[in-house]
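The following block contains the structure, expressed as structure tokens.
Should a chain be cited, it is by its letter among A, B, C, D, E and F, assigned in written order, with residues numbered from 1 in that chain.
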Amino acid sequence: MSSDSKKPTPKPAAKKPQEKPVEIPAFEKGISDKIVEKFGDKIEVAFVKKDRVRINVSKENVHDVAEFIRDGLNYDHVESVSGVDYPQDKEIEVVYHIGSYSDSSLERQILILSTRAQREENPIPGNDATKLPSLRDIFYSVEFHEREVFEMLGVYFEGHPDNRRLLLPEDWADLPPLRKDFAIKGR
Amino acid sequence: MTNELVDFALVSVALLGIGIYGLAVKRNFIRMLFAVEIIINAANLNLVAFGRFLPHSGGQTLALFSIAIAAAEVAVGLSLIIVAYRMYQNVDIADFRSLKG
Amino acid sequence: MGTATGIIRALNSGIKHIATKRFTLRYPEEKLKFVGDGYQFDPSTGVGIAGLKGRHMLFHDHCTGCQLCSIACEGVAEAIAMVKVPDEQTQNKKSIMPQIDYGKCVFCGLCVDACPFYALYMTNDYELSSFSKEGLIYTPAQLQVKPYVAQDSEIIISDRGATHG
Amino acid sequence: MADAIFLALSVITIGSAIAALELRSLIYGSIALMGTLGGIAGFFFLLDSPFVALFQLAVYVGSIAVLILFTVMLVKRELIFKKIEDKRRKFAGIGLMLVTMIALGSVFLDSGIKTITTDEPPVDFRDIGTDFVTYYWPALILMGLILAGSVTGALVLAKREDVENDQRTS
Amino acid sequence: MTAELPPGLALQKVDERIMTLNVGPQHPGSGHMRIVVQIDGDYIVACDPDPGYVHRGEEKMAEYRNYITNIPHLERPVIHDSCNVLYPYVLGVEELLGIEVPERAKYVRVIASELNRCIYIMYWLAIYGIFLGHSTMFMWPAGDRELLIDLMEKMTGARVTHAHFVPGGVRNDLPPNFEDVCLRQVNYFEKRIKEYAAVFYDNPILISRTRDTGILSRQDAIRLGTTGSVLRASGVDYDLRKKEPYDVYDELDIHTNVMKEGDSYARSRIPWLDMIESCKIIKQALQKMPKSGSVRVKLKPNPKGKNETVYKRVESGRGSLGCYVVSDSKPEPYRVKLSVPSFRNLIALPYLLKGEKLGNMPSVYWSLNYWPVEADR
Amino acid sequence: MSVIAPNFKLSEFIKSLLDNAFWGVLLMVLVGIPAVMMVLFFIEMPVINGELLTPFLALTWLADPSRILPVVHAFMATDMFRVMAFPGFGFAALLAAGTIFVERKMLAKLQLRVGPFYCGKIEGILQLMGDGLKLISKEIIIPAKADKPLFWAAPVIFVGAAAAFVALIPVAPGWVVADVDLGLLGVFAVIGFFPIITILSAWSANSKFPFIGGIRALFQMVSFEIPLILSLLGVVILTGTLNLSEIAASQSSFPWIVFLPIGAIVFFITMLAELERIPFDLPEAESEIVAGWLTELSGMMYGLVQLGTYLKLYAFAALFVVLFLGGWNGPMIVPPFPAEILTDGIVMGPITAKIPGLPLFTQEMLNGTLWFVLKTVGVIFFILLPRGVFPRIRIDMLLNLGWTKLIGLAFVNIFIALGLLYAGVLGPGGLQ
């Protein structure tokens, strides 16, 4: 539950806008402003760069924010869902790269929505506290991506209708392999 | 012709007997259809044999009619079997009791 | 009748191709020609000149035994091991040179890029098969040999199709 | 020579008729039935009526046997090998068979047909064709109608209400 | 989800009439994956794709290697399209390291990328042909592909796994006389692929077989997040080379092929049109390319990235290919995520196959422009 | 556990050869020769040159080339020769083998590749033999739960049915294995056997993919039999006979394809479907159902099915030639034999060569065979060509084609034939 927007050290792009006072693109700034206007301090804009806007959300709000991104901002599909493990924060970050096909002004934009789930030392995938709300009812295209994140990092997506393994073998009994404490042999 | 008419007639009687036995004993729908086929063929054999020995072309003509009708009968019978099988998941006619009435 | 004309067009195209030249490289008898004799490194720009990424060639008088190729290979294939060589070179005090295991090498060419003294090149010798795993390990002495491969076939394009000639 | 062939054919026909009813596997039963039908076709050849014989082969072996095999294969595998009958009925059936065979056989043997042989030339199959289109033409048309009707009826009976197309997920 | 059975092992109870077919992994019509197909008669009632037979953990491997040594293994997912698979990673690393690429290198990259796209599509087309039982359409692309492979071999030195793109440019310069050879072979190649129309694309049997099968409507294509030829066959005009031009694509004249139908035929025709388009791009690039100049910026050994995340995407042979790189100021990337088009298009497979005939299974499956090895990564 | 081949040792190799030779000679002396003699004892031997051919005499003559000739003559007059060699199995198998070779090389040429190349030095002509050897030497694997008798029997019966089909085809005037009065009806009867064999083989393998393939083959064959039969009725109406030899002889002036092109097209398409050739090779659609009903067959069983398939291909092509292309009719191109060749042999200076077969092979027969083979090869070419050009079609499209379009066209063909008959243009017996 410590996954609020208080980002610890390796939150990469947080200080970036401050340290380099490059001109912030206006259109992207407009997008981030709309979200900030709607949700206020529930969210945090991590960076605004050319074609990329990154927003950090806590896991309680991610569903509402995603719904607003779809309905209010015309984003319509998720390109990629990546999980990043931060063992020193005891958190797992899940990053959604959201794009739009139907709105021609948003075609080159990627909205990066990141949220964090609690990480457990001894994961029991699906049955521990590493849980996030699924965005499948908002963006249908996350279906296989979330399945992949579930098996690779052990993040269970509540509300996902088909939370089975996808890539790993059925008898995989080790740690979720993309966690940092799963080490490749010999390395 | 070295064979006599009575030989063919006896074979056909034997086939008829086997067919009757099958109809009486078997409870499998498909096997009963086999028995009916055997009886029809016994009749055809008689038709052709008598037609050959009269001699008259009517025997063969009737046999051809009979074969064609048998084909129709088999088609209908098999479709009935399929329907019944779909309903009861079985081929035992004892299970088809509720068809009565 | 679009269907009929389509079918006739397809058949016609098929029959026409019976008279087209065959496009097959009959490999062990013909070998495709390549640019140069391998991957050369241009010291002035630091850029490779194209060639084939085949087996390596080691210039003993350039190699200093700095192990950079081995380090470059570490993350990729771990095919390069540094071994002692008997001959004495002035620039190579430790007398170690790379030995390459072609059972592991992926021919990415990173070792060639890593070599600061231009001692390691890749050549167009790609026929490296061997009956044993040991036969695939090339010692520095073997790597010194300049390969000779008879490669003369080129793609010839004419009106009746392309062939390897 | 014809006698040997006749004997062989009778053995094949009657044997495979019994086998068709008694073999445990329905598939083999169907194959044995094909043997019976082929044997009957052989008898037709012996009787100098090759047209009926080939017709028998084409219709029975070519289509009816296929239909039967197809139906049998639709049935569950364990039912193909299941044999359903009861003992008492079996004895009664054998009795019935014997009674029929003995009665009819004795009638045949007793009647005058025992001595009938013929040396006349066989009926040409062209005569049958002439018969069909002259004397029997109403019957021919009726037969065609019956065939068409029965096939249509069979199709209607066997057609299953198809899986409705609720395919697309929403 | 039940706690006892591991996910993925739970068996559904099915109707007796329904037959379950395991199409793959050892099946001529599956590629390196398994499709569990449930058929009722000739109709598919359910379909469950099961990839993962060639999963190699590329993303995990990338966390252990530095930015440069990641190159040879990151191109392995699609060796036929290896330049394009590597492209977003290289672009991302360039942004992380803050490198500006020389102009000539950008053109060389575009040429290599377009050649590789053609090579990939030819391979895909060959398999599509054999899936439809058209053996000639297997042999012709497999043979004509050799023209381009020969070009790539002259250019990079390797036939499939080129490892040609590096952060800061390309590995080596073009060989002498390359422009003429390339122009000649690409011209002949273009002539050859236009001959496929009579035998394959305008063949009435093929058209009647693939028309109106596996229709993906425009809304669904967007909603499912498909990409590449699948998306453009459904009427969405979206090509990253035009919409978000990287390198020098904004200086080239690119035409995007879009079809409205969204059926298997449109999905299979779009890549072929793309190939013809690629040939034009190559010719343009050969014309506009600076005739000399550096093609590579020399990097420091073991470069360290900024403490940033980048997400770069390119248009590969199958669609938009994204690469998300998280860096934490170490020589190794903290996390590399490949968002591959095959994986994104796979989601459409169960959706398209439901209610389809079994005979349409191979054509619909392969028209998704799907490469199993890439989806597994 | 994989087995590594042991190292080659010359001594062991020679020993194994000697062993084999020893056992072979022993078995031949103890079993083989007595068995042959016993068999020969029961066979009615022909009388040649006024002498009864006893086994002893036969063996003596075998050693004397000048005395073999009458034996060859006698053999060529037998039915055995007809069944085994010339119009029958051997001839058809030869043509079938040629078909396979031509198919491979032609397809390779069409697909811009080389095809079989190395086996046999010249363009790989011995490749087929190599493949046959490979198939024979392969292990025959039978699925554990297969119905073994049926599984074994099906390929053999398949070849048998194909051979029966071949037997009905007249090659040259008088050269036909079974000159049945109702040949065409016999063809229909034989064709009816193939679906049964297919479905039995498919069912007996007890596997899913063969079963789906078998059901597809059944659908395809049964539904295309009807347009096949109907498309041939036009020819029967015009010739007024069912005898294939008479039908072929009736086309001495015009082949029927001139008058019945629709029937020929319908027959050609149905022929492709009955043969399971591309574009109708659904029963073996490898991308959907691995290899259809052939999936579980291995080794020589697969080889037998392939042999049967190509025999069937030859038979269908020959049937097309006989029915629509005029059979053996064609201009005389073989020079007539002078009488002295038959009696004295060919005198070439000091050497006199006597050709043993010539009295049997008349000029008409050679000419007819030549034309027949030429036409058949042409038809086979057009059967093979679609394989390089068309993709496979789908089962519902196939059934739709068979039941609606082809049957309709076949009826059109029948009405054309009837119209020609009643208009008095043509009638039974050919052009009047």
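Everything that follows uses one rule, which is that a contact is a pair of C-beta atoms (placed from the backbone, for glycine too) under 8 Å apart; a residue touches a chain by one contact, two chains touch by 3 or more.
None of the values given here were measured: they were computed from a predicted structure.
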Fill in the blank from the handout: A correct list of chains touching both subunit C and subunit F reads E
Practice task
Would you mind checking which pair of chains has the most C-beta pairs in contact?
Solution key: B-D
Exercise for the section: Please compute the C-alpha centroid of subunit A, do the same for subunit E, then give the distance between them in whole Å. Expected result: 25
Completion exercise
Taking each chain's centre as the mean of its CA atoms, subunit B sits from subunit D at a distance in Å of 6
Fill in the blank from the handout: Between subunit B and subunit F, the Cα-mean centres are separated in Å by 36
Completion exercise
Distance in whole angstrom between the CA centres of subunit A and subunit F is 68
Problem - Residues of subunit F touching at least two other chains - result: 110-113, 388-390
Fill in the blank from the handout: subunit E residues touching 2+ other chains are 64, 136, 143, 199, 203, 205, 208
Completion exercise
Interface with subunit E, subunit C side, in the complex: residues 2-3, 6-7, 9-10, 12-14, 23-25, 32, 34-36, 39, 42, 45-54, 72, 74-77, 106-110, 113-114, 122, 155, 157, 162
Handout entry: Interfacial residue positions of subunit B with respect to subunit D in the complex
Key = 1-11, 13-22, 24-28, 30-31, 33-35, 37-38, 41, 44-45, 48-49, 51-53, 55-58, 60-61, 63-65, 67-76, 78-83, 85-86, 89-92, 94
Completion exercise
Listed in rising order, the residues of subunit E that touch subunit C in the complex are 64-66, 68-73, 136, 143-144, 146-147, 150, 153-158, 161, 163, 166, 169, 171-176, 178, 184-185, 188, 195, 198-199, 202-205, 207-208, 294-296, 298, 301
Exercise for the section: Show which residues of subunit D lie in contact with subunit F when the two form their complex. Expected result: 27, 31, 34, 50-51, 54-55, 57-58, 61-63, 65-66, 69-70, 73, 125
Practice task
Sort out for me which residues of subunit E touch subunit A in the complex.
Solution key: 1, 3, 6-10, 50-52, 55, 57, 59-61, 64, 222-227, 231, 236, 238, 243-244, 307-309, 311, 313, 320, 322, 324, 326-328, 334-335, 337, 339, 343-344, 346-347, 376
